[in-house]
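The chains carry the letters A, B, C, D, E and F, assigned in the order they are written, with residues numbered from 1 in each.
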Amino acid sequence: MSSVLSDIKKDYIISLLKTGKREDGRGFDDTRNIKIELGIASKANGSCFVQIGDTKVIAGVQCEMGEPFPDTPNQGVFTTNAELIPMASPDFEAGPPREDAIELARIVDRGIRESGAVDFQKLVIKEGELVRVLFVDLHIMDYNGNLFDACGIAAIAALHSTKMPALDEEGNKIEGEFVSLPMKKIPIPCTYVKIADSILYDPSIEEEAVMDSRITVTTEDSGKISAMQKGDVGSFKKEEILDIVRRSKIKGDEIRSLLNEKFSEMR
Amino acid sequence: MSSVLSDIKKDYIISLLKTGKREDGRGFDDTRNIKIELGIASKANGSCFVQIGDTKVIAGVQCEMGEPFPDTPNQGVFTTNAELIPMASPDFEAGPPREDAIELARIVDRGIRESGAVDFQKLVIKEGELVRVLFVDLHIMDYNGNLFDACGIAAIAALHSTKMPALDEEGNKIEGEFVSLPMKKIPIPCTYVKIADSILYDPSIEEEAVMDSRITVTTEDSGKISAMQKGDVGSFKKEEILDIVRRSKIKGDEIRSLLNEKFSEMR
Amino acid sequence: MSSVLSDIKKDYIISLLKTGKREDGRGFDDTRNIKIELGIASKANGSCFVQIGDTKVIAGVQCEMGEPFPDTPNQGVFTTNAELIPMASPDFEAGPPREDAIELARIVDRGIRESGAVDFQKLVIKEGELVRVLFVDLHIMDYNGNLFDACGIAAIAALHSTKMPALDEEGNKIEGEFVSLPMKKIPIPCTYVKIADSILYDPSIEEEAVMDSRITVTTEDSGKISAMQKGDVGSFKKEEILDIVRRSKIKGDEIRSLLNEKFSEMR
Amino acid sequence: MEKDIKFFIDGKRIDGRAKDELRPIKIEVGVLKRADGSSYIEWGGNKIFCAVYGPREAYPRFLQKSDRAILKCRYNMASFAVEERKRPGPSRRGVEIGKVTQGALEPALILENFPKCMVEVNIEVIQASAGTRCAGITAASVALANAGIPMKELVPACAAGKVDDQIVLDLCKEEDNYGQADLPLALLPRKNEFSLLQMDGDLSEEQLEEALDLGRKGCLEVFEIQKQALKKKYITEDVLNE
Amino acid sequence: MEKDIKFFIDGKRIDGRAKDELRPIKIEVGVLKRADGSSYIEWGGNKIFCAVYGPREAYPRFLQKSDRAILKCRYNMASFAVEERKRPGPSRRGVEIGKVTQGALEPALILENFPKCMVEVNIEVIQASAGTRCAGITAASVALANAGIPMKELVPACAAGKVDDQIVLDLCKEEDNYGQADLPLALLPRKNEFSLLQMDGDLSEEQLEEALDLGRKGCLEVFEIQKQALKKKYITEDVLNE
Amino acid sequence: MEKDIKFFIDGKRIDGRAKDELRPIKIEVGVLKRADGSSYIEWGGNKIFCAVYGPREAYPRFLQKSDRAILKCRYNMASFAVEERKRPGPSRRGVEIGKVTQGALEPALILENFPKCMVEVNIEVIQASAGTRCAGITAASVALANAGIPMKELVPACAAGKVDDQIVLDLCKEEDNYGQADLPLALLPRKNEFSLLQMDGDLSEEQLEEALDLGRKGCLEVFEIQKQALKKKYITEDVLNE
């Protein structure tokens, strides 16, 4: 997830930051334009298109039925997959998922799974035998920075908008009836980069190319922290981490409001 | 499926064609020598060796039993696989099937499947539960042009010669008893190439190397067209297509006669 | 399994051999130091660390339950896998098992399987339905020559030290009770290389780099030969083969004694 | 494969169209930032993005041609584009469609200007509903123009088919699944030749001729929509630049 | 994921430790002959080998960087390292841990001396019992020193976590499986920054601060053990060389 | 693996052969047009094609040796060569046989003339019935001669084995499946050394010696058939060329 940017560009970005400005004119805590469109892929049970600046991703949710994992007989199955398809960047290649795509999928997966956003126990049809199997597939269409937030938001929004076939007591589909997923929370990931001691929210692709380090903090409605992940370069001081956590809560609440608006439009 | 041939060679072939001649002396609608040998691989349920000129292929058919696909509970399962093994050409490589092999297998598969050559409903043992599973495996031994026709003929001939274990009402094998496949038709693919406005049947490898475009037309006993596939380069006029279709019916009938002879010898 | 060693080194090794000496001072039939440690990986059902000179390998045995193969309904399932992980040598690479690893696994597998070392029939829980499934996984940690012997010894020792969960008549695990594998023999592989007509036991990595040919002979307690495998270069005279077989029996007995000691310590 | 379906009611097709009528088509140009050229098409129930990269150095090197650029076409269907989830990653079907897409587009491109280079076309199906290969080729041709790849002409594509013994244009899902023949076509409008032609099913010679004629008519309508989309894009940009 | 487990008995944890106490740790240096540097760590129930190769020419070539060496970290768990046999070969989990391991170690290395080269770290887990990524990073840092790779400082790693609403150090298996949060950390001791930080679970801001402080304390203890292991290795070698 | 089978009836084997008798063998040379050398062998129930390409530049490049050509042997069994369909593509068994085939053939070739090159041997089993590796090596040696690869001598191959405590030549399917030992051998006739030797089963030292002697005798008979096949090919061609 890096591009080649000349040292000159880096110096320019840093010198701007020293005067408190970002290259694209944003404040340190400003998001680029966000566009969220639920239901973009109508064959899926749930879907969401998210655009942050020029970064565009689509999340699709599909529901099947199957056996639970042996060690969690009383929970539904949940799988997240991400494809950094060649469409999205001249640097992405076709073929089996690379390290970056695996990391992305795992982080989005944990952000949802560990936060308890979905009540997996309500996805059980017959304990130990038959459960709902949820697939979240993330397609990156246009890669221009801050993939983690775009994907995390698309995934949770797609899940909240998912309609599954209703089932009778024996687990057979009731034709034409649908039920929502048992959603409990809206965890929102917020990504920050550090460039020469400035800490910036929602990095652009140019900022990612020159960043010293990156961290993603996922918070919940209650203000609780449900996940954190330092990126693949650099390091952070304790004070920086605590500062980022505080800022993440504010930004997380903003995006949650936006999503809640969309969800109520949908109903 | 291309070789490097000098432009000089191309000019030579074209200048010959202008005088109505092919490099190897054939007329525009002449086939190279065809040799068909049924039952070459006796461990298979059906097999056929086809040689057209110096192109040599073997098709093997094997029958197993298994579950039908959920969307076709009342049909047998049919799978075609082609291997462009390194034996056949200095350009073929070992490893997973490449684009060319996938295209070849899919075209042969559709030529048989869509024409209704096999009565797949008669391959059902217990609807939705147990059906015959047919595998057609194509091995290319020596690649010297016009693989589609060689493979298409080998596959349909191998299927017509297939003997499956007979089954009792419960689906158990009756030792030592065999039944033929429920075959209904003999679809025959005929491949033509266009080189500088001349349209030639059964291209040699040299002709394929300089062709402008290629098309395969599959016809049935009744004269019906059951499949068509333009190759990976060039384009055709409507009139050319209709002309090729007419010529395919004649050549298709010739090869069908040849096969019917072989089938009656076999009985 | 080869390294680059200059011709000078080769000449030096050969000239030493002509005076009856090996580069590291050993006699032609001397083993390097052997260290055997049972139970190194306590999560496995059985495990063994083997060090021969600086070659270090670990074998782990794990037991599961599953269906038998259709053609051997009255036998347990046995699978051997070897990983030449990048840790062990600058020449090994990550990724799917290469030719060398496949050959190694297959030779160790056959050395155990064909010798009847394990009574596979006693691994059946319910004939044709439920059997014990044994996995032997070989991890090469440090590659300094003679991998076959190190792996063969580690595998057979790990099997002899394996404790499986005890099962009641219905095939359910009896909590806290364990049973040993039904072992019958201790086949020991002995590898020899030929360098300029000298035949040397337990080749070092330097000797393997200059060898003319290699052969592994596996013998049993009774002095019977249970497996042989000529390596990937060179050839042997009949007399050389018979000489190596005789020497293998002596060395095999030595290592068997060593293992038997370890096994009795374990009890 | 035929089912007991009534394909025509009062002379109208299942979705209300006339026999020679296309489903609604909408094309947008330049929808992706990172790509050198891009487009988005909605065609009936299909939603497809297309991104073009290049010309850039061909990789891996052994693919390079000394006298021209190579064209690589990748067709991919998102897992969630169909009702039964598709396994992620390349499928045999996708490989074949990529290959025929390349065959359909290449005759219209001028690749001789860029030896040792490659032009990459990425087609991503987000929602699928019969006719994705024709929609993909149509969108790809527009994205290639948007990327500034030199071309002789645009390549519109459209399927003809046979249902209930009648030749119709642009099959919808039910017609595709239970009809008698499907004939996807791509047209080089100026050269008046077909650069995509596949057929599975059952056609007589006369039906084939009728289908080729009808398909050509459909392609020419698609061609107009392609041109409008490009015109709109560049007029808008001109206005903005003033 | 929580289970009805009693995590504390008389103020002691399940395995008898105090809240701020590490499990026993033993590190050996230079245990493999073939590798340029190596180490072996036993940490609680974990047994992990680490081998370092390099700097040597980076391969495949397109990975080469003109201004510095690249660091490749491979984390692998032996099939028999856990009770339920793991399928051999790379797993998605292993790929991610390899990536965060690289992120944890790289800030401490001086890679600018070796353009176009690579340094490879191979971590092989032979027995696993909670905390393998921290143990692997700790061992890898020592093996890198053993290989003579220039570095600014060693990188110790250690997890903090939350069980039963209490912040504790170095989770054991049960605490990891059924606890409320796990926070693996790696520390750059001189720079006083964290180069590994992951968290899954549920922490308040105050708990996070407490956990970072406790984790830092644990890392510093691990740091001492790393230094002792290296000292012992080189003193022994010095003695042998005299 | 032993079954209650009567391996000998009136001193004859299951298929009527004497203990030291080969199954019928037929070899044809130059059966494929595209390959540089080729052969076809029928040996008992086995049907095997072999194609040789080279010497040509070794690819991928890192395989090249500066002082000689490398030999690559690929052994493949067609899916339909056995009664239970084999999954297409390389198998672990095929990889191992390719490797031992290379080991059997290489000592007889003069590869020093072609540095940086490779010679490729492709063995394709169309019908399998015990002893495919020996039949493949036998055919490959003839195809290498047909390709004009410089060689010191041909390499015949043949298995010996033990059934019912008796040493026999060239095991048939039942003897292979239910016998006591299988000893595939390849012989360098002039050098009088074995370049293929594998064994699984149960042999005493005396039985091994007897098997090696019998196997050598079998190899020498195969050697004659190889020479006849080549002679026939070149005499026929001479006649045709006149």
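In this text, contacts are C-beta pairs under 8 Å (C-beta built on N, C-alpha and C of every residue); 3 or more make two chains touch, one makes a residue touch a chain.
Being a predicted model, the structure only gives us computed values, none of them experimental.
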Distance in touch steps, counted as few as possible, from chain B out to chain D: 1
Each chain counted as touching chain B and chain C at once: F
Most remote chain, CA-based centroid, reference being chain D: C
Taking each chain's C-alpha mean as its centre, the one farthest from chain B: E
Chain centre separation (chain B, chain E; CA means) in Å: 58
Chain A-chain B separation of Cα centroids, rounded to whole Å: 48
Whole-Å separation of chain centres (CA-atom averages), chain C against chain E: 32
Residue numbers of chain A (touch at least two other chains): none
Residue list for chain F, restricted to those that touch at least two other chains: none
Pairwise touch network: line, ring, star, complete, or other: ring
Round-the-ring chain order [start: chain C; next: chain F]: C, F, B, D, A, E
Touch list for chain D against partner chain B, complex: 92-93, 95-96, 98-100, 102-103, 106-107, 183, 188, 191-205, 208-209, 212-213, 216
Chain E partner contacts - residues on chain A that touch it in the complex: 99, 102-103, 105-106, 110, 114-115, 215, 223-238, 241-242, 245-246
List of chain B residues in touch with chain F within their complex: 40-44, 47, 54, 56, 58, 60-62, 64, 81, 83, 85-90, 94, 96, 135, 137, 139, 141-144
Residues of chain F that touch chain B when the two form their complex: 32-35, 45, 47, 49, 51, 53, 56, 74, 76, 78-83, 85, 88-90, 120, 122, 124, 126-129
